[in-house]
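Here it is, the structure, as structure tokens.
Going by the order they are written in, the chains are A, B, C and D; count residues from 1 in each one.
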Amino acid sequence: MERPVTHSREDDFSLDGDTLHEECGVFGILGHSDASTLTALGLHALQHRGQEAAGIVSFDGRQFYTEKRMGLVGDHYTDPAVLAKLPGTMAIGHTRYSTTGEVALRNVQPLFAELEAGGIAVAHNGNFTNGLTLRRQIIATGAICQSTSDTEVVLHLIARSRHSSTTDRFIDAIRQMEGGYAMVALTRTKLIAARDPVGIRPLVMGELDGKPIFCSETCALDIIGAKYIRDVENGEVIICEVQPDGSITIEERKTARNVPERPCLFEYVYFARPDSVVSGRSVYKARKNAGINLAKEAPVQADVVVPVPDGGTPAAIGFAQQSGIPFELGIIRNHYVGRTFIEPTQQIRAFGVRLKHSANRAEIAGKRVVLIDDSIVRGTTSIKIIQMMRDAGATEVHIRVASPMIYFSDYYGIDTPDPDKLLANQYADINAMCRYIGADSLAFLSIDGLYEAVGGAKRNPQAPQFTDHYFTGEYPTHLTDLHGRTMSDPRQVSLLKEAG
Amino acid sequence: MERPVTHSREDDFSLDGDTLHEECGVFGILGHSDASTLTALGLHALQHRGQEAAGIVSFDGRQFYTEKRMGLVGDHYTDPAVLAKLPGTMAIGHTRYSTTGEVALRNVQPLFAELEAGGIAVAHNGNFTNGLTLRRQIIATGAICQSTSDTEVVLHLIARSRHSSTTDRFIDAIRQMEGGYAMVALTRTKLIAARDPVGIRPLVMGELDGKPIFCSETCALDIIGAKYIRDVENGEVIICEVQPDGSITIEERKTARNVPERPCLFEYVYFARPDSVVSGRSVYKARKNAGINLAKEAPVQADVVVPVPDGGTPAAIGFAQQSGIPFELGIIRNHYVGRTFIEPTQQIRAFGVRLKHSANRAEIAGKRVVLIDDSIVRGTTSIKIIQMMRDAGATEVHIRVASPMIYFSDYYGIDTPDPDKLLANQYADINAMCRYIGADSLAFLSIDGLYEAVGGAKRNPQAPQFTDHYFTGEYPTHLTDLHGRTMSDPRQVSLLKEAG
Amino acid sequence: MERPVTHSREDDFSLDGDTLHEECGVFGILGHSDASTLTALGLHALQHRGQEAAGIVSFDGRQFYTEKRMGLVGDHYTDPAVLAKLPGTMAIGHTRYSTTGEVALRNVQPLFAELEAGGIAVAHNGNFTNGLTLRRQIIATGAICQSTSDTEVVLHLIARSRHSSTTDRFIDAIRQMEGGYAMVALTRTKLIAARDPVGIRPLVMGELDGKPIFCSETCALDIIGAKYIRDVENGEVIICEVQPDGSITIEERKTARNVPERPCLFEYVYFARPDSVVSGRSVYKARKNAGINLAKEAPVQADVVVPVPDGGTPAAIGFAQQSGIPFELGIIRNHYVGRTFIEPTQQIRAFGVRLKHSANRAEIAGKRVVLIDDSIVRGTTSIKIIQMMRDAGATEVHIRVASPMIYFSDYYGIDTPDPDKLLANQYADINAMCRYIGADSLAFLSIDGLYEAVGGAKRNPQAPQFTDHYFTGEYPTHLTDLHGRTMSDPRQVSLLKEAG
Amino acid sequence: MERPVTHSREDDFSLDGDTLHEECGVFGILGHSDASTLTALGLHALQHRGQEAAGIVSFDGRQFYTEKRMGLVGDHYTDPAVLAKLPGTMAIGHTRYSTTGEVALRNVQPLFAELEAGGIAVAHNGNFTNGLTLRRQIIATGAICQSTSDTEVVLHLIARSRHSSTTDRFIDAIRQMEGGYAMVALTRTKLIAARDPVGIRPLVMGELDGKPIFCSETCALDIIGAKYIRDVENGEVIICEVQPDGSITIEERKTARNVPERPCLFEYVYFARPDSVVSGRSVYKARKNAGINLAKEAPVQADVVVPVPDGGTPAAIGFAQQSGIPFELGIIRNHYVGRTFIEPTQQIRAFGVRLKHSANRAEIAGKRVVLIDDSIVRGTTSIKIIQMMRDAGATEVHIRVASPMIYFSDYYGIDTPDPDKLLANQYADINAMCRYIGADSLAFLSIDGLYEAVGGAKRNPQAPQFTDHYFTGEYPTHLTDLHGRTMSDPRQVSLLKEAG
């Protein structure tokens, strides 16, 4: 089940081209008079998890309201005219980078359905590994699907559940889902949060003015001055409900028991914001530790430690502190890229220009440079950045990567290239990789080095503490769609293409 | 079942304010290499049937494509970039003026669903009088509805049908629908057209380069040089299918038999374009005949016959020819209204100015004027236009209306005000109406006069030849939603409000 | 001095393609609290004089404000946010169709200059026949020109005048200008209006709430309920000034004496709105009279009189009344053309479709048709409309034109094609023209027939009562630029091309 | 002569609020087939010098072309449709942050004038200290000014010069100008560059494919792979001319001799990009040196060195290296701010949220923090950032500023607040300032410390090596407008307000 890879339009002219993409951030709040404004702010803090589109659904006691827009949260959702269309004290929101399903407003979450018991809106981050199988079953029994989003499948399962309460229907539905997800849902009285049984995708609970909040990362609490309460546990469903007297009750349910949590390592390596705390661990510290361990595992004689901005900076700081080699900003980032440069003309591409980054020649010329990057996927960017260093006069260019080599696809919401496009699968050994990218030396952090950096202990092969299949091939869940080859029936997906 | 009335924003400053609105025009074509372009042109010719939004769905042998836009067809659908997103040799399109369901892109037709047998797209003009009842039943059995459009109900009925062929499923679905409709649908190989059992809404079949076309009015055939074949009969379903060898087969089915056709009189009075031929009768001639009959029924001593543009012009020509009173353009229309004037500021409203029409003083001053209008709904516009004539120096102002008084709501796709807002229901007799609007005399065409103008014979009270309930109260179908009070459950509709 | 002809983009798909274009309408008001709103409304009523761009300048006692926009007045100027940027009790405005000077916001009037005595804004309709000669002289003495508009020349002449008062400077400047113009200007205390010595272009004075107004046509007074006072005379300058006590003084000056007025015949034939009164004569009556005279001069046996909409309608009414042949709407106009259809794709063009007009087949088929048009320029549209009539089944198609043949270019603000593109110059006689356009017969109104229709008397060859050079070659002013070949120096004009 | 201060809209919610603004970057190229594309790229690299608007003028051998747009270079200038409107092998461009003159497209540079000898376009960075005086003189002698830009004055002086060659006219004009400027100009055959006599504003010369380039900073050469040749000297004019055979000649002229260069210190402290080399000195190294010197001058006991991003980062690296205290990213920047968040609603403001920055709590809590900033202007941001650190749990917060205290206004193109708004002028001593901003300690780099960091030697009081009046009050040129109080005549400036 290979999903189509969106070959990033930025590949050829940006150092950001060769990265993985996460698709989503979620936010929800119940009982607050500024519900939609706070949701907009929370989504803004989660913008790094998805920049293609954002949506908010609110409920004002009478009616649900929805706004969906392509583009950044800050492009639309602080316009008073837009916020005014989202009244009420309950809201959930979603920001996405599209993987499954083309980008279309129709697919932008939260999705909404009218049920017999009233409306429900759902937003989720992650991916179901049996989504296509379930979709096929549902359509076979007379349902119509109007989006290509997995989330619609959840709505159908809720609608078809034989349970009577919305909570039971919701739990019934997600029990049928397999994969990694963090989900928020809104009904006429409830805000519901759910996290997958393994705890692959992150989801935290906070509080503002006594009102409950759920969001993907703690940075979305910080932006609004909310207090962190705890992580939603793996396999947990939390149901917050407004009572007739205005008070809020909180019910905790479990969809899976006795399964140890295995958070996704890539949240620490790349996705989460450095100021977030994921499953109790500082993301910044994890990255800096990775740089420290990298300096121990793969030391190098050099004059200057240069981060590949911005992802490589914490590890570079750690590497420099451990190695004693000075940390310098050898690559400068241009923050004013603008709209059309995002899709530059062929003419501009042809100049091979670097619209987003440039070498700080004064710190590079005549020096032995250690470049610190957070990860290498296909290696295409590494080639360009090494060349940029050599053009600026570097005498040696060494690459140190603060995570292990990537060999396997992700099926839990991270957009990975075809495995045969991955650098680690294209070359026999690290020396061949090093020659291909043109470096003087190349080293990756070991899997144990990364485990120690994040969690303080080596990997337990019998019961790995984290989700790490992209490095190891050990998937934490079944992969029903993949093994059932559901995707081989071309009629069942992407039948409708809609422009945004 | 009173539908919410959209109080036209133009009420206070335009002579067009006091009119009825039809919601839709439809168009479909099969097997033509320019399918989406021809659909855009056809919808443009049908633009008078709905100006709020337009949508097109095409199929290219692999995939369905859809584009939906608020605004005029000519605002979007000749942009090559837009047409390029609609490849394929099969397409259907829809242009709408919203009545049921708020205006939202989500509600813009055609609607699309993935079925087990493949995708289907549906567009329709009209209204189902049991749509809410059916929607309620469907939701009660586990379906989710994502729009507030009646058309979605048709899609659900098709998906749930126990028949196996798409054609049988489609017929099964529309047999459950009650009301007035003209519908086109597109599957992976078929273009389907269907007209309600009574034939309330119009639908014609044409041909271009040997390829079948269905559209609401003949003017959509004329614009692309297509040939008129015949009207789709009341209660008929026509299925055109592309065969593997590229040939097209045509199958004719009946959902109702032995029911005489009763086309809607208002198509002749107001909605259809004057150059269209509806159910075999020239719309222009019908209107001119109405003016001739009006001059016979309600003659008046006057110096000049002035049409209320543009609807009253054909009747005014007939009235002038019959009466011998000269026809003159006493009211001039400004064609350049622009975007923001459509919603003028309070300051501009306050000037009471006429942004779209003005008196041609030289033809009015010192004269006895007969104004010819196509219809009077609430009378609000009549007041303004009579005042405009007096301000320009008319010595007498007589109103002659080329249709009978309107007493009843429509439930078949025409947006009518609350019955108690209708002029005919607010005043005891025609003299009181005449005083209210400020005219020197007022007369309406009789129902028999209109029947003769359109069909050549008086009304047959036992079996009326036309749909005429707005004048007579005799509805041609059941009104299940109205009598079942389905709308009284507030949770079941309009739960989600979405901005366009 | 041949101006570049803008080959209308509509040529190939609209009946409006073969027309002349006027470039401007002007409006000004002094001392009214709703100055900019009234100016917007006045410009809206003058929209038929130019649809490419509109601008307004206001003054609030401290500062001048300007807004310029491409597009219709109603697209921008009733947005409260736009009107709020134009505060003050004095304003002038301009709506333009571009001829001289490319279309660029830089060229959109009113133009403004800071003078030593304070700012001045100027808007004008018309064209200077010595504008390029003066521009050359000015640049030679150290001025810089930032637009390609003739109006900038007026500003330079005002700035350079040796007179001290602004009024004297203004009169000094326009005394140097030659050609046809109607001008309004705004200073910190004054509203000034000026009309060329021959009175080619129209300009009227009105009053609202005791405050003076100047505008191109009376229809701009009617829209705001203002009272018509009188025409600005040919060669007259009227200066309205706000006094410190708030009262308004009015001074009348003459730049030319004892020159009889010769208004432009084309205002009556084509440009002015039918409800306007130009130089005391109803435009609608003039056109209808032209139709009556045409029926007398060139009668024809036919079944139906069909106007070419909308310009030919009044003449067709006159022709029908005089001839006794019935007047019918044989051509239907689509009012919903939209934005992108204005520039249709090649694909749509290729269908040869008529996006704006269609034949009303029921009134044409089997009939002898007399088409009445207001004018024929190149004949390209006539070919298409005659073909459209034949396609709809007309047995004969006769063309009657309510103005004489056009042989000569205009230099006073009307955009005329190269003389050798004019139908009248391409064929030896009227029979050849008739064959070229494909009609069964063709006739034009005589020059005396037009003079009588407009002014009640035949043309006086010694002192023609109207400006009529396009028909006769007799220009009412010098043509300095043309004879001096100023335009032959390519460096002096159009050096800068700016996109709007 | 106090210029109106644009109170930054970001003051209340961003750490970037309390900064100075430079108004412009310039770029020009001659003889290259991709002239306008290269100009767009160069302006993109100079985007940090001005983000409000950008303009390009090109010449194709026949005609000049111009495009001006509000917003970022990358928002408009890689659209192929826009670049296609700028043909030719010669172009100049400009990116601006507005100070003098309201922001209006009319004021966006390059400005263009038709002269007798042909057209000329001019773009400049800087400000004339006698611009208003000259403008007044010019208007008094009959010129008209259409913008409020100083650059228009240069055009007038060129137009009025008694010299015959364009080069001589240009030099004649700039010899009359006083102040700080870096200018590029384009005629039909020449690209001209000029730098003010003192060399306040930067301007460098480069070469690509043998074709000359001028631009504000070397980073604009790097982005297109061009080679740095040399700085344009203070008081130098360089004229590059295309010869009829296609070769390019280069002429060097001097408008001032024997004046030592005094580049603006603030280019090193704040404005220039860290990877640029200004007057032969690496900006990054100068900033890092300032941090080193700051650690020597004002050491502090602390646990962590935290840069105020992004300006304070190089100095923080230097401070950390010198002091041995670890450098950590204690403040995280959100790069996805979007359009509407730039002007947040009152509701969002009220949350006191930080849309662009947040504390990295894990690195701050329980620590003694040294914040390193590049400069302090009013101190408003310092208050917020110190509070943010305390909220995140810092036990002590020390501020070290890598430049001296600012006491005086700039008149050479930097937008400074009223002197009495400057922190240094509001409090008696540094202890009072420290209390006001809420820090535990506060220290600024000394003027000698900054001179040494940038130039390697202490300040020479008799002949200062740099422009440093904002710190010292010693202005390097006359301030004619200021002392002549030209601005006191309210009629002479800003008479026309135009919306962009």
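Keep this in mind: contacts are C-beta pairs under 8 Å (C-beta built on N, C-alpha and C of every residue); 3 or more make two chains touch, one makes a residue touch a chain.
Not measured: the values here are computed from a predicted model.
Trainee: Keeping to the contact definition above, tell me which chains border both chain A and chain D.
Mentor: Both-contact set = empty.
Trainee: If you take the mean of the Cα atoms for each chain, which one ends up farthest from chain A?
Mentor: Most remote chain from chain A, centroid-wise, comes out as C.
Trainee: Roughly how many whole angstrom separate the Cα centroids of chain A and chain B?
Mentor: 48
Trainee: Between chain A and chain C, what is the gap in Å from one C-alpha centre to the other?
Mentor: Computed from C-alpha means, the inter-chain centre distance equals 61 Å.
Trainee: If you average the Cα atoms of chain B and of chain C to get two centres, how far apart are those centres in Å?
Mentor: 38
Trainee: Hunt down the residues of chain A that sit against at least two other chains at once, touch-wise.
Mentor: There are none in chain A.
Trainee: Could you list each pair of chains that touch one another?
Mentor: Touching chain pairs, listed by label, are A-B, A-D, B-C, C-D.
Trainee: Under the stated contact criterion, what part of chain A meets chain B in this complex?
Mentor: Those in contact with chain B are residues 57, 63-68, 82, 85, 105-106, 111-116, 118-119, 139-140, 142-146, 155-156, 159-160, 490-492, 494-499.
Trainee: Given the complex with chain B, which residues does chain C contribute to the contact?
Mentor: 34, 37-38, 40-41, 44-45, 47-48, 51, 71-80, 83, 219, 222-225, 273-275, 277, 282, 284-285, 288, 310, 313-314, 317, 321, 326-329, 332, 334-345, 347-348, 351-355, 358-363
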